[in-house]
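Can you read through this structure? Questions will come right after.
Labels A, B and C are assigned to the chains in the order they are written; within every chain, residues are numbered from 1.
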Amino acid sequence: MTAALADATPHGAAQSARPAVAADAAMLAGRHLRLMTRRPASIISAIVLPLIFVLLFFTVFGRVMARAGIDYINYLLPAAVIQAVFFSAISSAILAAEDVVGGTLHRLRTMAVSRSAPAFGLLAAELARSVLSLGVLLAIGTALGFRFHGGPWQALGFPVVMLAFAAALVSCHIALGFALRRVETVTVATNLIYFPFLLLSSAFTPAASFPSWLRPVVEQQPVSQVADALRALTTQDAALARPLLIAGAWLAGLLLLGALGATRAVGRSS
Amino acid sequence: MSASVRPALVGDTLVMSGRALRLTMRDPVTVVLSVIFPLLLMLLMTASFAKIVYPTGGYGDFVDIGLPLFILVGIAFAAPMTAAATASDLRSGFDARIRTMPVPTLAALAGRLVADTARSAVTVAVVVVVGLPLGFRFTAAPWGAVGFLLLPLLFGLGLGFLALLVAVHAPDVETVNATLNPIMLLGMFLSTGLVPSADLPGWVQPVARVNPFSVVIEAMRALAHGGPTAWPVLEAVAWSVALVVVCGALALRTYRRRSARPAG
Amino acid sequence: MTAAVEADGLVKTFGAKRALDGLSLQAESGTIVGLLGPNGAGKTTAINVLTTVTRPDSGHATVAGHDVARQPALVRAAIGVTGQFAALDGGLTARENLVLFGRLMKLGRAEARRRADELLERFALTEAAGQRTATLSGGTKRRLDLAASITREPSVLFLDEPTTGLDPRSRLALWEAVRALRMSGITILLTTQYLEEADALADRVTIIDRGRVVAEGTSEELKRRVGGTVCHVALADPAEAPAVARTLAPLGVVSVLPDGVSLPAAGPETLVAAVRALDAARTEGLLVATIDDIGLRRPTLDDVFLALTGHPAEAADGVAPLDRPTAEVGS
């Protein structure tokens, strides 16, 4: 009898703790996905908006870009992908803030749900949405002339880099959402981040077209690095090592920042 | 006593716009952002696209030619905000109450647009002031400059009535934004605002030519830089007035019906 | 003296629904008239027509001496209206709302401010004056709504379901405010679903159902037609009702109901007498019925409708009757 009791104590408890995070996160991810499907606006913003921007930019600037020697649809698709990830991240920040404000987070913590599950669940849901956006963008892009010129391995690397970017960016935004807690503040803050980061990057135009005093900033910032890496993966005979390593370093750093930030923020917000 | 309580179009419009302005001021963040947004867009797009669109020119040329578009961006994105506020007022029954007072319907509906125009005037001024050191020039007659500053406000009024037309038909605020934002976006991009017509794809060129945004932008360029001005300005004014009259009439008609039923 | 409000044969159809079906009513100057009826009876449509918000398909109406269809602006100058939802601007403070409405009623800036302060004090709103109305409680908003509606001292005031959704205390506070208004000579037309509200406030009650008037009179007259408070005996076996009815017959006119019997009650004495009679009958072995419940019940809107129209207030679509005596306020 004592042996059975011994089995039921800490050792047994530790065994059930680890799977709980994954299971809880999966359940919460499912909840978020369900909520997303009920809010058509979120689906539209995830898929349609980046698409519209690609189409508009390509339509308006395609010819002038060709004149400058750039195959714009191939150049632009990584920008669309990055934009879709940003929209996902912004939405995750808002959802995180809403969960704090609406009391859901508090309720989850009083239930037997592991502490990090809410953040992981939200992350998983947004990654799923990003994959969906990627699919749609690639489909439309291909119809417009986009091609993976670099071969099958590089083509596989494309979604990997995108998901790494998504994981890093979304986790930072989740941390922001939990920390700021007010939906309006989050909306303003995230848009203030997204706007300059996206436009002051090499996503839409090459860094060379920026004035010389801005060029260093544009070249070095993480969004440009990710855009360059994604683009390298679609180009034939591109030098992959450098852009991938730099992008990788940035993303690892951001992911760490996001993870730490999210844990601290969840701990504080009750 | 009843005789002195007659509906007064001008007076009541001013009272309603006073209210709209007061509410706008209560949310200074939004006001600042709505003025900063076109500015930021101008700066960022100039930095990134100037050399591509005008490889032989400089950044100043892009600002000089592109400024009218950025002014219209600021004005076009103010319209959905007014529309959203109007839709929300209709839902809450506020307009239903005004209906029972001796206030002309036009004043009740359009008083909000006067406040809008005031805010747009600020946007125009700020964008021009920032554009001047960056390369924008008034090289035509002085009255052209006056026209340059006033034309977008007139067009803004037209866009405002279009936005109100959507607001009185829409069941909620999200629908308003979901309907107006694509319209404004397409209007701004599929125009000759950013790139010259010849550089647009073949199928877009006729669209851009017909687009009222292009018409207004071309008129503004003529007013600022000279060249044949009369016809472009006339076209732009015609478009603006048409929007005001057509959208205004349709909006009024639906508004009369809608404000009789409070809360939705 | 011509009536302050006169409606004659108003008809209004919305698509397939005939909201007003020949509605005619009157409100004498300086009185409170209650328009009583369930949801969908046409009360709000009637108010909309009388306040010039909607035009009737046929029939005409005069408010404060002006025809609603031909002189709407003059009507609007003389009336005040509150709706079911306190139609205030949530982003403005209480005082700013009153000043806004004052100016729209052509009071002039200084006058509007003076009047706003006056109304704030009169309706005990000075504390809430500087707060945005979106943050005020339901009861306070309604009081503010009422204050706004009398900005220009209208001769006729329309209150559309003024206490729907309010807690009992706010409701009583609003009733006080309405009674105080009546003393200043305003004609008030108020719509309600609650019999006790019409009872408490109105000089005369008009009952409408499906777009037309089914009864009109003072509250007393109507209750006499319906029967006022009753003593209700609920039986476990309704088949026993006739026997119980016979036992109670000496006390008054007993009605047989699906669930028991009832008889008009002058007050608690009737209840006591009924209990004694039933107890005596049982002791003597004359009565074997099992009594589930016995008590005093005030008439509900359903009772009124049943008596007047032969059908309950709410149609048989499963929706429960709206009027339930919420609190047994001492009769």
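Observations, loosely collected:
The criterion applied here is as follows: a contact is a pair of C-beta atoms (placed from the backbone, for glycine too) under 8 Å apart; a residue touches a chain by one contact, two chains touch by 3 or more.
Remember, it's a predicted structure, so these values are computed and weren't measured experimentally.
The chain with its C-alpha centre at the largest distance from the centre of chain B is C.
Central chain assignment: B. Criterion: smallest distance from chain C-alpha mean to the mean of all protein C-alpha atoms.
In this assembly, the C-alpha centroid of chain B lies 48 Å from the C-alpha centroid of chain C. If you average the CA atoms of chain A and of chain B, the two centres end up 34 Å from each other. A straight line joining the Cα centres of chain A and chain C is 58 Å long. Of all the residues in chain B, the ones that touch chain C in their complex are 2, 4-8, 11-12, 15-16, 19, 22-23, 26, 89, 92-94, 96-103, 259-260, 262-263. If you check the complex, the residues on chain B that touch chain A are 29, 33, 40-41, 44-45, 47-53, 55, 59, 174, 178, 182, 185-186, 189-190, 194-195, 199-201, 204. The touching residues of chain C, when paired with chain B in their complex, are 48, 51-54, 64, 66, 73-74, 76-79, 81, 83-92, 96, 100-101, 103-106, 148, 152, 158. Residue ranges on chain A touching chain B, taken from their complex, read 41, 44, 52, 56, 59-65, 67-68, 188, 195-196, 199-200, 204-205, 208-211, 214.
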